[in-house]
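One chain, chain A, appears in both complexes that follow, with chain B as partner in the first and chain C in the second.
The block that comes next holds the complex of A and B.
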């Protein structure tokens, strides 16, 4: 009996050590980013490095907002990702409803096609996309970027919404329709309230996907005032001496929105949706 | 086809059913009428509505994804400058050029090395983390969220984090390694010899949470009774993993490895950003990076497109072989 107890306790200890190591490897780089961003210039390069800044300062953030175009990039990222999510969500909510509620010829083929495009990687699309955008005369515009974001978000969003609509029992709308409500009323009053959490969560996942894009913006946008955050921040590297304090503060400012969104939807990730809910 | 209306369901007040009670007969009559239509009629209205609601999504996918991919096949047969409009049909010349191009073979090999190692460790660490985070312990919810988070950040953030951690002069990793005496001189993480190792390490860090997430979601659906029974029979933790967990996660593992292989083999931003400015980018020039450079550094859009088509071809062939080899798992998944 004693031996059994001993093993139980040592198993618990091993479990906590394992979990602790996984948490530590995830957290430490972020901790180091926050720490560096709060250090004055001299302390950033000090040896030995200090974990907690001795003289914490917001100087890096001040310079980020005044000396760089950070706020422009931030606004661009919000506008482009927001509009791409809006377009994607409207289209894919209708599409997912269609794929789960109507019977028609070719429905499963269409669903298979969407799954297929879900696996496409940006690099396979971006080169022809770039040439086509130039031919269409919309290079270096936010419109081109919104269309590009839609191209990689839509299959993902559609797939997620389809999985979500499948969990809403079709009997509920049928009952409403039996009670005399038309299809549109049934959708507005019965399906939508139930689907709303899923729609919000899907919007956020799509937003994160769009917010994180690098390659399309790098290739489609050339003017500085149209760039989004990931490309804008990369360009901070192009000075002679890399200003790590400034770069870390920029990294923090991009991570915070992603963190806020992640906190609101992370429970959806593990409860049920699993692999479908992320891409990349 | 017998459908039942949930009696507890409270219908939303609608203008057509003014009286909430008293006309049950009428309602059920309408119900019968409708369901008989459903049984016999071709539901043409439903079909039309179905096509109508899917068409915006389908048109956008056709125009924004499938058309560009198809166009890249045409583009790969042209000699085309990336910025000027002139183009010339050259047939398979781009492909022949690449066949003789040592740079192409190097990038293909580097891509295989990069994706091979990253996929292996992502799967091992992802499964291990999922098994741990599936146990019950204090702070589990928070631990799950934290471990998943690196997957959610923009690649540029992951790259600047790791470039700073691995910085040869001021990086904390070198400082630690020297402090505990593993190395004497600063290790040149981003130099020619070790940049592949560095990009593999940071890619594992960034992407293994995807495997964790997928496996964890599956583990939660395994009935605990299976484990209870095995415990009663005295099965060790290892044999429980082999005989209960593994068969249950085989299907999802099949899908996850496929998705990760596709996405790692075509991974552009992580590799490109890691190599850029480090001076050793050439040593991690994988196929996607090479395609990008052909298009935007040498302005040879035709060659760039040919590389994209080759990548696509490799993926299709590999996927088909993969399905043939593991058909059993595919059925489960």
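The block that comes next holds the complex of A and C.
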């Protein structure tokens, strides 16, 4: 075997070992979560620990669904995150379109200022936001949460969508308008399909942020039946005895929707990138 | 059936004027070309006809309607953009069918029209492809196809050939001319390329700085340019210009270019009488300058002496860059001419083809169509 070939193969092997270590490091907590959620109570603390449950059981899930308010929290999370995504998309798409397609005074300044607002950490904003919500008479409602998530995601999503719209040549819209579309149809048939990767990227961002949020929900929501998963699940475990099997099954149930959402939409991220609209 | 009329059209971007006092009438089925250097307002004028820009003043008529307030979709026009502007997420077929679909044509008719157009343009095999899988020339054809399926009253072309390579450009030029012949529709075509203007149009509109300088048939503009700008812009190689003074001797007019004096032919004299005694710009096209040995009979006599600086043999003709006195000239001479660099040569100017322009005319805008 010649020396270069040997070196190339050994480099390749080292690369795979390195990558494998990273994957292991990322996957192990997931694996541990799945494993623990399927263990009966006595096996959770067994020494030495068992990686694969000896007697797998769905008991933890059964208790989660029947003995706790988990399903209510789950539904709340879905509603709040879904609507936050919807509202964020509508506002940021319309806003970004206006920022890229219309001429008006201070257009660039507005875009810059929007990004500035994103520099504030949520923890700084949450108390003023609470006061605002209270004055508006919508404290302890899902609407308040949706507005909170939307206003927190908007600067970033608006900026991202603006970048996307900038890459779509205005000529395409003009062509559509000459072809017989009004502005709205030109946007729906031509601009939106091309902005799809951007729309998906921003919706993933918003969904995950809303789905995982703890601070806003903790401050804005007081009724148990309105809580979302992160806060609701946290409140399940305030006693001294920590039921790890239950926690891990709840963890799994929280992860699955976010994972599904991501897996289904991420392939569209790559699609549509192909240019060729104009000379290329 | 659509005549297009632009009446006192002007357009400002902020305080910057792009098109000024634009008056033009394009007859039905005419192939009109707006030509001028970049920034002359030709594209803006076209975009106003399309409805993509709003005029700051004046009226635009398509057919007998004023279309100022109509959106592009209701103007019965189709446009081919410089960068093609094909919808990248749609196949060629869908690109072409898009306009018809928006107008709710029945499926069978859409299919028929798309297939007819693709046959005319020779793109039948490409119908299922996406724009990014096409070459520049193919994209150009699709863009034209998308325009012709709609059978609009007016076609608008915005520098459609400027992204193609030279060879393809010549080919597409001929194809577009053929297409016009076949479709018999009004075409407004914008280009900065004077060759496209000369070869394709039945009417050319020469523009600069937002003004129309001259409107006319290609040969009319070529033979009777109205000012120095038009004379220099139309024709290749560029017309030779040099400053001179117009003199009168015994009722005959002469031009005095210091190094030489040339008589103005009698039949041209009446036109230039008003310039007598003043500074002017003398212009003559390179192909109206001959090597003395190969000059046609009617031109002989107006000989000047010049020194050859550069020789460009093109095979069918020779371009000579020469210096006569302190003026640099280009002469397009016969291939038989045998001459060497730095050699002195006798050149003959066909003064029946000479031009004389006012120096620094007070108003560059000389003539708009009545």
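Just so we're on the same page, the second predicted complex is superposed on the first by the 250 of 280 C-alpha atoms of A that agree within 3 Å, B and C clash if a C-alpha of one lies under 4 Å from a C-alpha of the other, contacts with A are read in each partner's own complex, and residues count from 1 in each chain.
By definition in this document, a residue touches a chain if its C-beta (ideal position, glycine included) is under 8 Å from a C-beta of that chain, and two chains touch if they have at least 3 such contacts.
What you see is a predicted model; the values in this text were computed from it and never measured.
Contacts of A:30 after superposition on the shared chain: chain B is touched, whereas chain C is not.
When the shared chain is aligned, chain B comes close enough to touch A:99, but chain C does not. Legend: residue contacts after superposition of the two complexes on their common chain; A:113 is shown touching chain B, with no touch to chain C. In the superposition on chain A, contact is made by A:194 with chain C only, not with chain B.
When the shared chain is aligned, chain B comes close enough to touch A:123, but chain C does not. A simple residue count on chain A separates chain B from chain C, and the partner touching more is B. Contacts of A:56 after superposition: neither chain B nor chain C is touched.
According to the touch criterion, the shared surface of chain A, contacted by chain B in one complex and chain C in the other, consists of residues 171-172, 174-181, 185, 189-190, 272, 274-275, 277-280.
On chain C, the positions that touch chain A within their shared complex are 50-52, 71-73, 77-79, 81, 83-89, 98-99, 102-103, 130-134, 136, 139, 146, 150, 156, 163. Taken together, the chain A residues at the contact with chain C in this complex read 169, 171-172, 174-182, 185, 189-190, 193-194, 272, 274-280. Taken in their complex, chain A has these residues touching chain B: 11-12, 15-16, 18-19, 22-23, 25-27, 29-30, 32-33, 36, 44-45, 47-49, 91-92, 94-95, 97-99, 101-105, 107, 110, 113-114, 117, 119-125, 127-132, 134-135, 147-148, 150-152, 154-155, 158, 171-172, 174-181, 183, 185, 189-190, 208, 211-212, 214-215, 219, 229-231, 233-234, 237-238, 244, 247-248, 251, 254-255, 258-259, 262-263, 266, 269-275, 277-280.
Chain B makes touch with chain A in their complex at residues 3-6, 9, 11-12, 14, 16-17, 27, 30-31, 34, 43, 46-47, 49-54, 56-58, 60-61, 64-69, 71-72, 75, 80, 82-83, 85, 128-129, 132-133, 135, 137, 140, 143-157, 160-162, 164-165, 167, 170, 172, 175, 179, 205, 207, 209-210, 213-214, 216-218, 220, 237, 252, 255-256, 259, 262-263, 266-269, 273, 276-277, 288, 291-292, 295-296, 301, 304-305, 308, 311-312.
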